[in-house]
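Common to both upcoming complexes is subunit A, partnered first by subunit B, then by subunit C.
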Partner chain A sequence: MHSIIKTSFAAIVAAGITATSAQADAHALSGDLVIFSDMSNPAPRAVMEGMVERFGEMHPELNIELTVIDREAYKTQIRNFLTADAPDVANWYAANRMLPYVEAGLFEDVSDMWEGQMSEELASTKGAMTIDGKQYGVPYTYYQWGVYYRKDLMEQFGLSEPTTWEEEKANCQTYLDNGIKCYTIGTKFLWTAGGWFDYLNMRTNGYDYHAALTAGQEKWDSEKTRATFANWRELIDMGAFIDNHQTYSWQEAMPFMVNGEAASYLMGNFSVAAFREGGLDDSKLDFYQFPEITAGIPKGEDAPTDTFHIPSGAKNKENAKAFLEFVVSADNQTLINNGENLGQLPVNALSSVDDDKFLNEGFAMLSNDAPGGIAQFFDRDAPAEMAAVAMEGFQEFMLFPDNLDDILARLDAAAVDIYAE
Partner chain B sequence: MFPNPIEKQSRGVQISYQALLPVVLIAWLLPLLAVMLFSIKPESDFVSGNYWGLPDTLEGFKNYGKVFFESDMPKYLWNSVRITVPTVIGCMILSSMTGFALGVYKFRANLWIFFMFVAGNFVPFQILMVPVRDLTVDLDMYNTVRGLVLFHVAFQTGFCTLFMRNFIRALPFELIEAARVEGIAEWRIFWYVVLPLMKPALAALAVLIFTFIWNDYFWAIVLTQGSETQPVTAGITSFNAQFRAAYHLMSAGSIVAALPPVAMFFLMQKHFIAGLTLGAVK
Partner chain C sequence: MTNTTVSDFEGPKRSWYKRNEIAVTPYLFLIPGVFFFAVYVIFPVFQSFNISLYKWDGLGEAEYVGLTNYQKLLDDRAFEVSLWNNLKWLVLYLLAIPAGLMISLFLNQKVVGIRLYKSLFFFPFVISQIVVGLVFSWFYDPTFGIFTKVIGWVGLEIKGGVLGNPTAVTYGIIAAGLWPQTAYCMILYLTGLNAVDPEQVEAARLDGAKGWKMLWYVIIPQLKPATFIAFVVTIVGALRSFDLISIMTRGGPFGQSRVLSYYMFEKALSEYGFRMGYGAAIAVVLFLIMLVFIAYFLWSMYQEEKGAR
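Right after this comes the complex of A and B.
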């Protein structure tokens, strides 16, 4: 017993010495670090706890306190704790979702961290972390969107992955002629229609126009936006989407594709796990980038990014910055995003991706084939109220395309109030 | 007497009654049957759209196994116990005393105090959400089992007092007078005379409050968060992942969560029905 106490005491002393000596190199940290996280589902939670453990091993003197809050509850509580009793590090989302907190001065400007190397390694999401030329947080994971399709059906009809709008429509016509719907979708909760609008608008008018539109700098009733809806209407008039999609959630729309009644699904990469559960292995399920519509426009992609921020009210900002640097390091991002953990994509370009067909294709696409820019998804890019009104409009358009004039007028009217604030 | 017993009705009415009864019964139980069916289905059934058909494979053991061994369900169940049992005990203690005071002693404000307890029952509890939440935050009891128990005790005591007071009123007052003549201290009268007579009421009330608190969802999500403190009713939603809802596990979890109150009902059926009518008759 004595010897155990002695050894552990010696270990503590030794750790203390190494810590102090290392502190001279400004590496080892001491004091407190309070982290609030919304990574509450089992796998993300394990990732978060793992990161804290590894960071704690690097800095034995540091007293880290991690609080994991249910992901949905977190969304309402963040307003509360950022103003009342701020932690040192908090989870949140990129782009417009962080704008209210940045404008209220609740997130710390971390532009100094982004100088130099980090901007290169995290180039793909720098835009999403930037507001008025300053960065307000760091990303830790994202995932791609794209068209997931039944490879076996495509082969059966002798088709190939489309790269242009004409090919996309031609493929679709073949499916329809054989009694198969081209796309499954469930618009009950609206956001799936937002995904379609994102892609159609980014391909028709380009990323910059799309970003300006969601930021309230462009009118909805314009020739450009109308062109987007005209392209959408071509598919609707063909009958490309499954019937009664307004009654399904995204999950409830999956059986159509699993049972071969629909050929593809414009969706995020999180759908792959569910498809595999439903028996679609890699010989039956594949992925392609949403095809080009207007020739020559640089392709933009949706890749919702989850982030870490330092609240302005944080008490241990130096420790918090060190943690953020640890989070974005290539090694850490490789580890936390692999198939056993988050199963998503690392943001750091120097990270490696797990051996998974969809993760590899997505990583290559976002790193190399998205020169237009990375969008965060409609309901993260547009302000919450605008997103709600607009996505309702998208759903209505998919069911009653003739109402377009009405819908656009309504969106412009709503935009006047929403962006004026 | 109205309604007329079925046996005394015409043959036609009897037949249609007998034919309709099973139909209505099944329609009534359909949601519950669906949950039971879902709880033994594999996840792939939901991805492939086989909602109502026979399960592709029987995964009952796997689903319930996951609920018990790979999720936070046991923790949530234990939280429910930690919340429900102290609340029941606290309510019993407080309301037997308030009921005794209001039922036995005649003092000027008696009726008004009693009305206040009763009036508390008529406040729709949803409107208390924000003030109670702020109060628990200020008292540093937000997200603690303690905070939830205290609130439940405070809120349920109103109903329990009504119940107990009326029950004590119905006891023969001569017993208490006889004890007083013997010169027995008031607290001993409470302890040795009244309390033993209240046993049926206590049992009925305990069963009733147990079910109320066990099934509470509203206050559980308002005052607590996370697996350290939330009861099982709120914990079921934790099977909703960030992107997907695990219907099969949620169903299995719901069945598990519903078992204790159901078991309680069957074990204490006599008291339960007594409890529903006891407060009403004076």
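Right after this comes the complex of A and C.
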């Protein structure tokens, strides 16, 4: 049985590859293709340029124009260029983050591309790309979140990776008794606190409740949400987080862990590159899934997905679709996500994950240990304005946990307005 | 006879423009300036008023909501915090004027290398606000910042560091803003001091004036034009305070260092902001506050011109 599946699997892959290449030959593209990208950090930029180069080799007649814009500046510029001078392909993010542009009719419906094979290959992120039953873009990469920790410190104190909340707190107490903070975090830019809330809420109340809360279907001032904050408060009252975290960015919080002043960091996998640069090799750096809090609740995970879209104002939509198909193809996703390039996880199920400890662990976790569901991240699941208000509340809570009543009341008041539409 | 003389005197008939040249030309010169002022200043002001009456995400259809945005502002605590912070900025930023005056009096002497000292004092105004913000962030840093260490010696501690403490943060940023602003006021006063009439000083000296009395009754009245300009630029600078907040705290911790201009940016234009109407309403409030000062400035300039005539 096993072998039969394997063989047919291989056959499908082979068929897929020949089909793609045949298609490419049949429609040698010509004309223009304008791409705006936010992949401005060195590694992603090289990946983007590499993709354009390879796509250009497949279609020598095609004139591709790539503009790479600074990742932060892109977030505000996208509004202008989508309405004024739309490119043919643009980077963005999945889920609620793309909702304003979909509602304004600025992203092209690409549901026809998703019919059939692609839906199977990209099944894991189809939900995040879907609004009202239609798909509005394609994913190219995603990455896991989890607790990155100092393996050597854990061994030094004779501890092991925690799997329950009790173990997590017991470990933390040991660190604190030895003068080491349990968690480093920098909340100056707020979103890091959103990560903590995501995990605490998904573990305390489950993925479905978390999704309903970020979608505005649940009240903030409720028993369940309060339970989440109560768990968070246990850590805050222990003094588990580094002091003055409100003045640091996420990068500025890293040295605490690199220097051994803090034991772990709840972060996305993109932090691994920076940790390694800081001198933590695989003997000192390791990763575990955020532990269980309420027993029996299926674990949900954060895995933010980065995407490509076709603006409605694009002039060369056929070329753009061909590029999107190229981007999601299994081969391309294997290549761009390997350790030498993005160092993240490919979305296509037929791609292979590069041989890297963290990528393998992350891939296994998202494939097998996230039965609850995959969330995008707080500021992508909640509407932008709600995310801004809520993450500010999280930061306030981390500094002044006694203000909780006030914070929850404020969030509910804001939610009334924001979800009213 | 008489008739011919008159027609000779008039000569050939001149064009309308030629006849009215003296009266028309000033307006012609004004046209480009007025045009651009209207397009880039007057029109956007009214446009902001208009947008503030709508609910609009900047992308889709705008929905007319009347004065709802202003009503919401009344209950918005973040707005209240921003307004109070603006007031703190307005009041404390004015300290730059006396501080600038003191430094300029101190530097207004003839010793070797005074030009160098003057330029050193002027230096903070030349460097970008971004750099000032960064320098002060390090200065205030809760772990290694000099400020933290120094107040530690006298046994003081600001919880969370200056920029991480919700009460101290605005004062910390204002202090950073005062550094370049004082330099600006100083340079205004230095040029003002050059214009002080030495004969008046001489006469006052003969009458036995010195020290504070000399300063108060003889020097400062002569510095009135410089004081006026220093006042104008400082008020405008206080209301425009944006770069320092953006670079030092981004309005944090949890929005306690926001001012109106930054709050408007956050609501309408930042990564998470899609409320153009609400942002425009904040901008209108800020405009009205500025209008009070602008009206005062225009009025006092008008009075001055009238007096000069």
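Following the convention adopted for this analysis, the second predicted complex is superposed on the first by the 393 of 421 C-alpha atoms of A that agree within 3 Å, B and C clash if a C-alpha of one lies under 4 Å from a C-alpha of the other, contacts with A are read in each partner's own complex, and residues count from 1 in each chain.
Keep in mind that, in the parts below, a residue touches a chain if its C-beta (ideal position, glycine included) is under 8 Å from a C-beta of that chain, and two chains touch if they have at least 3 such contacts.
Note that the structure is a prediction, hence the values are computed from the model and not measured.
Q: Classify the contacts of A:Asp243 with the two partner chains as first (subunit B alone), second (subunit C alone), both, or neither.
A: second
Q: Applying the document's definition of touch, where does A:Lys224 land relative to subunit B and subunit C: first, second, both, or neither?
A: In the superposition, A:Lys224 contacts neither subunit B nor subunit C.
Q: After superposition on the shared chain, which partner residues are touched by A:Glu385: those of subunit B (first), subunit C (second), both, or neither?
A: second
Q: For A:Arg233 in the superposed arrangement: first (subunit B), second (subunit C), both or neither?
A: Touch partners of A:Arg233: none, neither subunit B nor subunit C.
Q: Looking at the overlay, does A:Asn259 come into contact with subunit B only (first), subunit C only (second), both, or neither?
A: A:Asn259 contacts subunit B only, not subunit C.
Q: Between subunit B (first) and subunit C (second), which does A:Thr76 come into contact with in this model arrangement: first, second, both, or neither?
A: second
Q: Thinking of the overlay built on chain A, is A:Glu277 touched by subunit B (first), by subunit C (second), by both, or by neither?
A: So A:Glu277 only meets subunit B here.
Q: Based on the superposed arrangement, let me know which partner A:Lys317 touches: subunit B (first), subunit C (second), both, or neither?
A: neither
Q: Based on the A-chain superposition described above, do subunit B and subunit C contact any of the same residues on subunit A, and if so which?
A: Touching subunit B and subunit C on subunit A: no residues.
Q: Would you pull the subunit A residues touching subunit B in the complex into a rising list?
A: For subunit A paired with subunit B, touching residues are 40-42, 44, 68-71, 73, 77, 251-252, 254-256, 258-259, 268, 270-271, 273-275, 277-279.
Q: For subunit C, which residues are in contact with subunit A within the complex?
A: Residues 57-60, 72, 75, 77, 141-143, 160-161, 163-164, 166, 249-250, 252-255, 266, 269-275.
Q: Please name which positions on subunit B make contact with subunit A in the complex.
A: Residues 43-44, 46-50, 71, 221, 225-226, 238, 241-245.
Q: List the residues on subunit A that touch subunit C in their complex, please.
A: Per the touch definition, subunit A meets subunit C at residues 72, 75-76, 79, 82-83, 100-101, 103-106, 188-190, 243-244, 246-247, 379, 384-385, 387-388, 392-393, 395-396, 399, 410, 413, 417.
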